[in-house]
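Read through the structures below before going on.
Across the two complexes that follow, chain A remains constant while its partner is chain B and subsequently chain C.
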Partner chain A sequence: MRGLQLSLNKNQKLRVERALEQLESLSLKSNSDASVTVADNISVDCEDAILKGHGTTELDGRVVATLCGVVERVNKLVYVRALRARYKPEIGDIIVGRVIEVAPKRWRLEINFSQDAVLMLSSMNLPDGIQRRRTAIDELNMRSIFEENDVICAEVRGFQHDGCLHLQARSQKYGKLEIGQLLTIPPYLVKKRKQHFHHLEQYGIDLILGCNGYVWVGEHVEVKDPMLVDQSNKSEQQNADSENSMSANEVETCTPLETRQNICRTANAIRVLSTLGFMITVEVITEIVNLSTSLNLDIHEMLGPEFYVLVAEKEAERRSSLRKKR
Partner chain B sequence: MEYVSPEGLRLDGRRPTEMRQLRAEVGVVAKADGSASFEMGNTKVIAAVYGPREVQNKGQQMNDQALVRCEYSMANFSTGDRMRKPKGDRRSTEISLVIRQTMEACILTHLMPRSQIDIFVQVLQADGGTRSACINAATLALADAGIPMRDLVTSCSSGYLNSTPLLDLNYIEDSAGGPDVTVGILPKLDKVTLLQMDAKLPIDIFENVMQLAIEGCKAVANYIREILLENTKQLEFRRGV
Partner chain C sequence: MAGKISNTPATYMPSPTSQNKKMSSIFTGSDWVRPDGRGPHQCRPSFLRTGAVNYASGSAYAEFGNTKVIVSVFGPRESKKAMMYSDMGRLNCNVSYTSFATPIRGQASESKDLSSMLHKALEGAIILESFPKTTVDVFALVLESGGSELPVIISCASLALADAGIMLYDMVASVSMSCLGKNLVIDPVSEEESYQDGGLMITCMPSRNEVTQMTVTGEWSTPKIHEAMQLCLDACSKLGKIMRSCLKEAVTLPQE
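On to the complex of A and B.
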């Protein structure tokens, strides 16, 4: 079995197989012959007017796949949706990346794409929330914003003329991510949705499902509206600023044990799901976290073989109930 | 020495036009973008593909296509006598080059400009035909990494011993000193991308031997296609809607 290097005993093996068979039978009805491999013919009904999309090419007048994946048809467009491939950016995607270089006026980020992405100093809001021209002093202080190896959340802005991928972080919700874990999963498991930032209130954690397959699980940080911050700052300053900053620092330095455990539990749930190759959404993650807590499993036990089997069974159950509802 | 017995059986009990057992697995290296292991009888090879990713050496970056690199190595324990081979000896640099050129011919490099694709192949067990096994493993790994390709490249070797054309030589037959023809083809396009032979053969016999190797390549291609299709289906149904 792919990616699953576990020592399952006979009983567990049987259960996993049964769960997977169930999953297969659930999906078979929708598209059975849509999977293609490299150099397979794609049957096209109306030969005269089709548009060849990604992952296809023409050979002797026939459409041929150049990737392994699933054939998708949208009106006249025929393309192959690759499964295991690197991330392909689309404008507006929310991504998580790691700074690898601080260059003049820009940061270079590793985002699981075929090139490094660029975040310009000018395409991000300064932490103090001031809109102004970036000066040479700002440029010199770039390391005070992001350093090498920092994990950052940003949005895809688009490709520049020279083919570089540019990012932007023009809101308080984007920026440096601290106190948490970065997980790397295959990008095809992340579904594009309206919402990629999630605040799991019951655990006090933030979850960012980056479209590029980088997932951030960290302590919840209150997003402050810059306008509100300015106002509150003014009023606070009148009171007693030194006292305030002291207490804020103290809170920041210690993350409660419970939150840390929740971070680890959520991270392990994502690990299990991605190894099994299941689609990753908030609902599924919370379900798996609840499953582990209801079974009173320790965090490290979540990566044991038994839990993998349970997750596979749970997923099969979930999908079959979804189907029944329809 | 007699390589084909009067009954028409080879040293390992195969018929002259019989291949060794094939076995392939996709996704064996967790951290790689694509990976595969490929076995032809006792020859076992593992391949890992990284990329397309940012070019490491900026000087090599090309603005219109991807840079393909390949590294071939043999594990110390892969052969009968355990030897510590220096990295980058003549043999392995030559095979690296061969694999790189063969794979470059089928990868659609113009779709991934300013990036680099690294292919690492390692021989875990050597029993003849490592070159072909490496190419087959690399094809599988590239397809697994979701890199667009014109066609799958498959490769197979054949030889000529005791005036019989033999398919898929093993180590003993390979070291007999007879001609050894390694062929790599694009099965769909029906084109040859690799042809190597390090001995002399009359042209009419050569054609027979090469034809035999091409038949072998096609059999390998069918097998690889099956594996990939099975893998794609698995990934898709597990992912769900």
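On to the complex of A and C.
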């Protein structure tokens, strides 16, 4: 019942089912006896030496589950991993969030977690780039940096004792995201990788896979590394500043149509993948976008039933070919 | 001043006889034949599905005969009401009826009560310490009320909570019984509920064998209560198994 309800005709339903069955048979660990529901017994060998982890509790000397999910065992630790888990933040995660409140000396961001995250003013680079103490004037000018409903990319700096997240956006690659689309996908579809920022050159777009399930697809923005900017570039910047004030007015016409179409194509590819429940990685996304361009599909047709079925089949093919390579 | 009171017109009172018409007990000594042909100790067949509402963290749809309920669970999430820091999470329940739920269009009378009763039934089963400072919102919507809505709401809510991944001590199953003269019928329909002499509702956690809520209304004799409780607890454990199999099914559908 979950997910995009598409009206598939009989043939398409058969094809989708076949593709999904193929994928299931390819999945490495098919231990359905490891899946538990609430208050199911978890079989343990010697109950004294077991560490009861997340999602378990003790009842009458037995270990029972408190969540519906899969039992994972790591040495002596037994825990239940929920299947449709909420996002679990870790330090160093890249997060995309939306500002919901401008509070004294901080911004509150909504990040698809049980609580809102906090971005302190001191964890944010000031517009003039100088490292200094934040004064009262900086606090009054917070709104010129980020306002409500702005989309921001940041990194998890740490947790407070009550579980509230602290973010930091001190590098040039973090900050406000302007021209593009923000997509919400289930957070367990984004695995933690080394790189979450991707620049797809052939389309000229930026792709940020936030670990919290918020994905940003937008126009490519040149990230100027402040270390490389030295005295010789200062004069360049002064010219660029005068240009920027002019181009801000024409910013709507600056994004070429093709880039915008590519943004929409990529966003639709991500939507189809998340409806099917497949892992979202850059390779898969580029493959799907190539598939849609090779078939000359219109962008809106990518959300139709036929493409949905094609993506499922393509993924089944891809995984079986990966399997054969191994 | 005392004299003036007699001059004030008497306030209108509806004639008392009109209320008693249907209360004249119809079945002293006679057996009650159930309108849908079930045995007196037979529950209605149930249809349970999780994942009914895409936007919610967890949701479930339950159909017991003509009683249809959708419950959606949001959370744990921040709530403006919870300003103070607390070690335990908060549970917020809301039950509402659609305007087409009852045979006569309009607000059903008990929906305010039901919210607090749902809260009491669920709070014993949720591990509140697992989400401090945040709130879990449970919204129940009764699409059609065909008798014994609260037990269906409670069972459906516990399915939705399990679907949302909220830590629970155990699933919560709930069954109600009606006493009609000397008959004890389980899982009454609205007709039976309107004729009942007494009603008993038990909400329990089957695997733990613990009762989270018990509601007794009307007149009951002690042996009848014992019998009714035993029947209800048996039915609850069966319902618990059905709920569990529904969750397992939802888990094994193709989902990577």
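Going forward, the second predicted complex is superposed on the first by the 288 of 326 C-alpha atoms of A that agree within 3 Å, B and C clash if a C-alpha of one lies under 4 Å from a C-alpha of the other, contacts with A are read in each partner's own complex, and residues count from 1 in each chain.
Operating definition for what follows: a residue touches a chain if its C-beta (ideal position, glycine included) is under 8 Å from a C-beta of that chain, and two chains touch if they have at least 3 such contacts.
As the structure is a prediction and not an experimental result, all values here were calculated from the model.
Participant: Have a look at chain B and chain C on chain A after the superposition and call it: clash or fit.
Facilitator: clash
Participant: Quick one: is A:L67 in contact with chain B, with chain C, with both, or with neither? Answer first, second, both or neither.
Facilitator: Both partners, chain B and chain C.
Participant: For A:L51 in the superposed arrangement: first (chain B), second (chain C), both or neither?
Facilitator: neither
Participant: Going by the contact rule set out at the top, does A:L83 touch chain B (first), chain C (second), both, or neither?
Facilitator: It touches chain B and chain C both.
Participant: When the two structures are overlaid on chain A, which partner does A:E24 contact: first (chain B), second (chain C), both, or neither?
Facilitator: Both: A:E24 reaches chain B and chain C.
Participant: Which positions of chain A sit in both the chain B and the chain C interface?
Facilitator: 2-3, 20, 23-24, 27, 35, 37-40, 55, 57, 59, 64, 66-69, 82-86, 114-116, 163, 277-279
Participant: Along chain A, where are the residues that touch chain B in the complex?
Facilitator: Where chain A meets chain B, its residues are 2-3, 5, 20, 23-24, 26-28, 30, 35-40, 55, 57, 59, 64, 66-70, 82-86, 110, 114-116, 163, 188-189, 276-279, 315, 319.
Participant: In their complex, what parts of chain A are in touch with chain C?
Facilitator: Against chain C, chain A makes touches at 1-3, 20-21, 23-24, 27, 32, 35, 37-40, 55, 57, 59, 64, 66-69, 82-86, 114-116, 162-164, 277-279.
Participant: Residues of chain B touching chain A in their complex?
Facilitator: Touching chain A from chain B are residues 26-27, 30, 33-34, 51-54, 63, 66, 108, 112-115, 143-152, 187-189, 225, 228-229, 231-241.
Participant: Hey, which residues of chain C end up touching chain A in the complex?
Facilitator: 49-52, 54, 57, 61, 75-78, 85, 127, 131-134, 162-163, 165, 167-171, 205, 207-208, 244, 247-248, 251-252, 254-256
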